[in-house]
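Two complexes are shown next, each including subunit A; its partner changes from subunit B in the first to subunit C in the second.
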Partner chain A sequence: MPGEATSSCWSCGTMRAVHFCSSCGKVQPPVPVDYFTFFGFPRKLNLDTSALEKEFYALSRRLHPDVFGQADTRERSWSLEQSSMLNDAYRTLKDPIKRTEYLLRLEGVELEEQSKQATEKARATGELKKQVVPPDLLEEVFELNMHLEELRIQKKLGEDDPALLEEIGKAKLSLEEKYEALFNELKTEWNNWDKSVDNGTADGTNDDRRRILDKMLDVLNRRNYVRNLVRDVNEALEN
Partner chain B sequence: MATDYIVGIDLGTTNSLVAYMQGDSPVVIPGEDGLNLVPSVVALDEKNQIIVGNAARRYLIETPERAVYSVKRLMGRGVEDIQDELKLFPFQLAEDLHEGEVLRIKIGERTYTPPEISALVLRQLKRNAERFFGASVTQAVVTVPAYFNDAQRQATKDAGRIAGLNVLRLVNEPTAASLAYGLDKKKHGIVVVYDLGGGTFDISILKLHDGIFEVIATNGDTHLGGDDIDNLLIALALDDIRGDLGLDVRRSGEAVQRIRKAVIEAKIALSSQPSATLDVDLPGGKKYQREISLEVFEQMIQRIVDRTVGPCKQALKDAGLKPEQIDEVVLVGGSTRIPKVRRLVQDLFRRAPHTDLNPDEVVALGAAVQANILGGGSEITKEMLLLDVTPLSLGIEVAGGVTDKIILRNSTVPASATQYYTTQVDGQTNVAIHVLQGERELARDCRSLARFDLKGVPPMPAGMPRIEVKFLIDANGILRVSAREQRSGKEAEIDVQPSYGLTDEQVENMLLESFDYAEEDFRQRQVIEARREADTILTALAKGKKNQAWQELTSDERRNVETLEKALVAVKDGDDYHAIRGGIDALNEATMRLAELMMDTAVSNALKGKAMDDTDLEEGLQAGHPVAKAEFE
Partner chain C sequence: MSYSDKVIDHYNNPRNVGSMDKKDADVGTGLVGAPECGDVMKLQIKVNPQTNIIEDAKFKTFGCGSAIASSSLATEWVKGKTVDQALEIKNTEIVKELALPPVKIHCSVLAEDAIRAAIGDWKKKQEATKPAAVQAAQ
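== the complex of A and B ==
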């Protein structure tokens, strides 16, 4: 892996590990590595978050700028860069979705922006945003949108229809279940991915890996779509 | 290490403190007056000398136009931001302010920026520490409200620099408090710090784990605090005075400050009594009195206290926690002494808050702990590490005036984000970037931090350059930006125009040594002027002695004049302004009759048709008379 390439310590000349000299313990200039490598983890998606946290705390104790309060300017600036990378890496890897998205980007997969921010941006700039309705949801979404429209009209008129609210509530529940199910679907792909990593890339599994990545992207997109729907429902109910 | 003291400073809206680590425990360093709290009040006295702290407080009432308080509310803000504050606080802005310019506040005839005024407070604390240690102090950890934005943090750092302090770290106030609180025992679990001070409110949720203090979420309001309660009560009193006494004293700085003092006393009393009396002697002899019951008081402040609920709920939500999961609640800030505030905290987090540390001092004590850590640590702090977060999301403006968030709020700092830019026009060499801070979707609703101009992009066809811009929020919560054009590897030059801050050059010019010089200059100028005046009067007297009028004085008068003449000669070359001034005044007084007699002689000579001797009436004795000489007022 690229980050494990060793070179000699700037301070004592011994061969070093990624962040510090293994001999004298001095902080080293940051090397551009991916977040998995930064923590010394394989590029796998099933990740023991308590081990990650432990490692994060241990590295923080050695890399944080507070530890370099009395060090020279050069070490202070390396510490700043190293610890910002540590924090960025930890933030990304501890969250299962961010971790998956990060891996997809590392593997060269372009992500479809489905975030609220992207939606607002599209709204403000007037540019068309791709919102592909997952086929298995077409009917449900169509019905839900009709209900939501009805709700808006009723709210405007100051009316209250408990039956409609119940319908929407049911739809919301079903969407939330779907949201959970999609996460489980994602985890299945994680397992597939991790297996392919264990098997190594040498044995002609590149097509397999591509297929797993595409599948994960598809699950993420559907999941984001459902999340946005739930958000819309919540907004409609609150307003 | 031991020779260089690093102090911890709580630069508060109402009061400021300086503390340091004495062995295993942090202690507050008292001022010369023996008091721990230095009120964040700055005044100019009759002689235009700067007065800070307790001694400055009387000027708030005696000469309100020459004193200023609660300046922290103005740090890092522009004139268009503070219209609400201006309605409630007697800040007098310089007349020639422009939009976007750093504020300048009038104190007497002079104007100061908020960082300069804060620097005067910091310098006082620095002096207190230096007096205490008997050594110079140049390094400090300074606390800021957790919810301070980049501009407010930068302004605080600037204040430190102006005061001659190297600010090693800005620490968030609630986090600092947790350090002081977590020092004595090894603690684990989730801690909430509720910090309601004089002018700011913060809520922070931390996870404590083997000496690591990890902030999970923070929220707040940088314009909410005890000041707001005072203003409510002041408004009530002003209404009463208008209604009952038929007096409109809103424009009387003196009256308002007297009311303010009484209101604060009543507020404090109401934390331990069922009622309190407002008792104010108004200028002009009238008296205002009113009893306030705890019940009325609590109704009045309901709205203010309730404003802390939203940030608390948001912080819980951001942390992904329910109130039941909170292990401990710590109260910080003088306003948390109010029973109603304590009840609210108890209801919100469903547990009795800790009150064992003095809420006025705990932040400064925590700053001292952090100072110790930065200084290399000691036995008790060596396992301690603070991991704080940025309170607000960092964004950049993209097409359509939308904010693209690149570092989300509650990210552990240091944090960074890398963005790529290119050009739209062939040969374009500049790219403009607008950096924002805040949670809103549209750029115009967020806080503008700075506009960066990436200069020196190598001319290439449109879309070809690939400029990598790295945004990094450091451990102080302050943004740093670097840029590089990737195809040429050339570092792009960044021209930063802070939207609400001082440039480095401006800060450089404000360094308080120059203040010190100014004061020193002022004293020297006074001495030089007095010396010149003494010379003038002595020369005139020498001439006067040759005049026939001298002989007309009694021998006692002559002896008296000559004694005082010798006394003035003796002191005039010294540096004691007051001695010279006193000598001049005494001699002037004693030569009054001589001057009159000389005048008479001159006039009668003139009447006799004699040419007036130019030595008789040239500037001299008269010119030196103190009647015409105004001091500075």
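== the complex of A and C ==
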């Protein structure tokens, strides 16, 4: 049984699980835990989604506010709060990208903060800031945006340039391939992260973890970039 | 969220849109991107090698109104400044001037990055074209 916590049931006083007392089965007030702990999972990124789903449906049934129609006010409101947290936790963890982003937030990695700090450091030291998006990808993005702008103007004028469409189509394919490749890159970092969780607090683990988290952030950033661009391309082609 | 009048003004009448020859030894090009929103910003400067004054600046930005306004303002600000003065421009000054809301601060960071990247590119070119002179002076 996942999620054994170490506080006592408000009703019978014995030790309880996170959501229900293991002894008398009463629903418990929600405790401020992260979504992994909510489901009783370790903070790992390779997650057994079928186990997650099973656990979700089982808890959904038991926590459903309808079940507590006759219960006292406290229990009714706890079941409601727990149900709402359950839904948020499930939605976040089942999606691989949301799960990764959630872990990064949990571990205190803030993208925008990092970028701002890097700019401040560049200002103070005179060194060039390392761009999150690699230069060759930026070139490609800029070029494609120029083509898209051209395409929009042509469409407004009712003109049609097959060569431009072909160019954009090719760029789109290349971006979609990158998008796939980035997901695989992310999975490699998942494995590295999970390994470091298994290793516990051995020497050098903290530096290791920071490095893995930064790498994941980097991959997600590039992936978002590519995703937005593919979206823009599709919009420009459809309109 | 609504844009400030200044952002709208720059968005509707962007200053200095265009491009310069990036192979020109006096031109520095900065190409930067913000993964938060997918914006991409190109900012170019033309520097007088005698005075180190930025005589012209151009930009082309694909992104939201705040990103366009930030880069438009950046080109206005760097023009007439020396390279060293331009390096002192802070993103917070852009935020203030354009009254950017917190969610758009990254646009101003991007504009500052673009200025720095353009100057960095120009400096690199200067060093590359003047090795003989530097060696002769030593």
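General observations
Here is the rule we go by: the second predicted complex is superposed on the first by the 208 of 239 C-alpha atoms of A that agree within 3 Å, B and C clash if a C-alpha of one lies under 4 Å from a C-alpha of the other, contacts with A are read in each partner's own complex, and residues count from 1 in each chain.
One rule holds for everything that comes next: contacts are C-beta pairs under 8 Å (C-beta built on N, C-alpha and C of every residue); 3 or more make two chains touch, one makes a residue touch a chain.
Just so you know, these numbers come straight off a predicted model, no measurement behind them.
Contacts of A:S60 after superposition: subunit B is touched, whereas subunit C is not reached. In the superposition on chain A, A:E185 makes contact with neither subunit B nor subunit C. In the superposition on chain A, A:M85 makes contact with subunit B only, while subunit C stays out of contact range. Legend: residue contacts after superposition of the two complexes on their common chain; A:N224 is shown touching subunit C, with no touch to subunit B.
When the two complexes are overlaid on their common chain A, residue A:D34 makes contact with neither subunit B nor subunit C. By the touch criterion defined above, A:E167 reaches neither subunit B nor subunit C. Once the two complexes are overlaid on the shared chain, A:N145 sits against subunit C while remaining clear of subunit B. In the superposition on chain A, the residues of subunit A contacting both subunit B and subunit C are 126.
Partner subunit B is touched in their complex by these residues of subunit A: 57, 60-61, 64-67, 69-70, 80-81, 83-85, 87-88, 90-91, 117, 120-121, 124-126. Across the complex, subunit C meets subunit A through its residues 31-38, 40, 42, 60, 62, 87, 90-91, 105-106, 109, 112-113, 116-117, 120. Those residues of subunit B that touch subunit A in the shared complex are 1, 168-169, 209-210, 212, 370, 373-376, 385-387, 398-402, 404-405, 411-417, 441-442, 472-475. Considering their complex, residues 111-112, 115-116, 119, 122-123, 126, 128-129, 131-133, 135, 137-139, 141-142, 145, 149, 221-222, 224-225, 227-229, 232 of subunit A touch subunit C.
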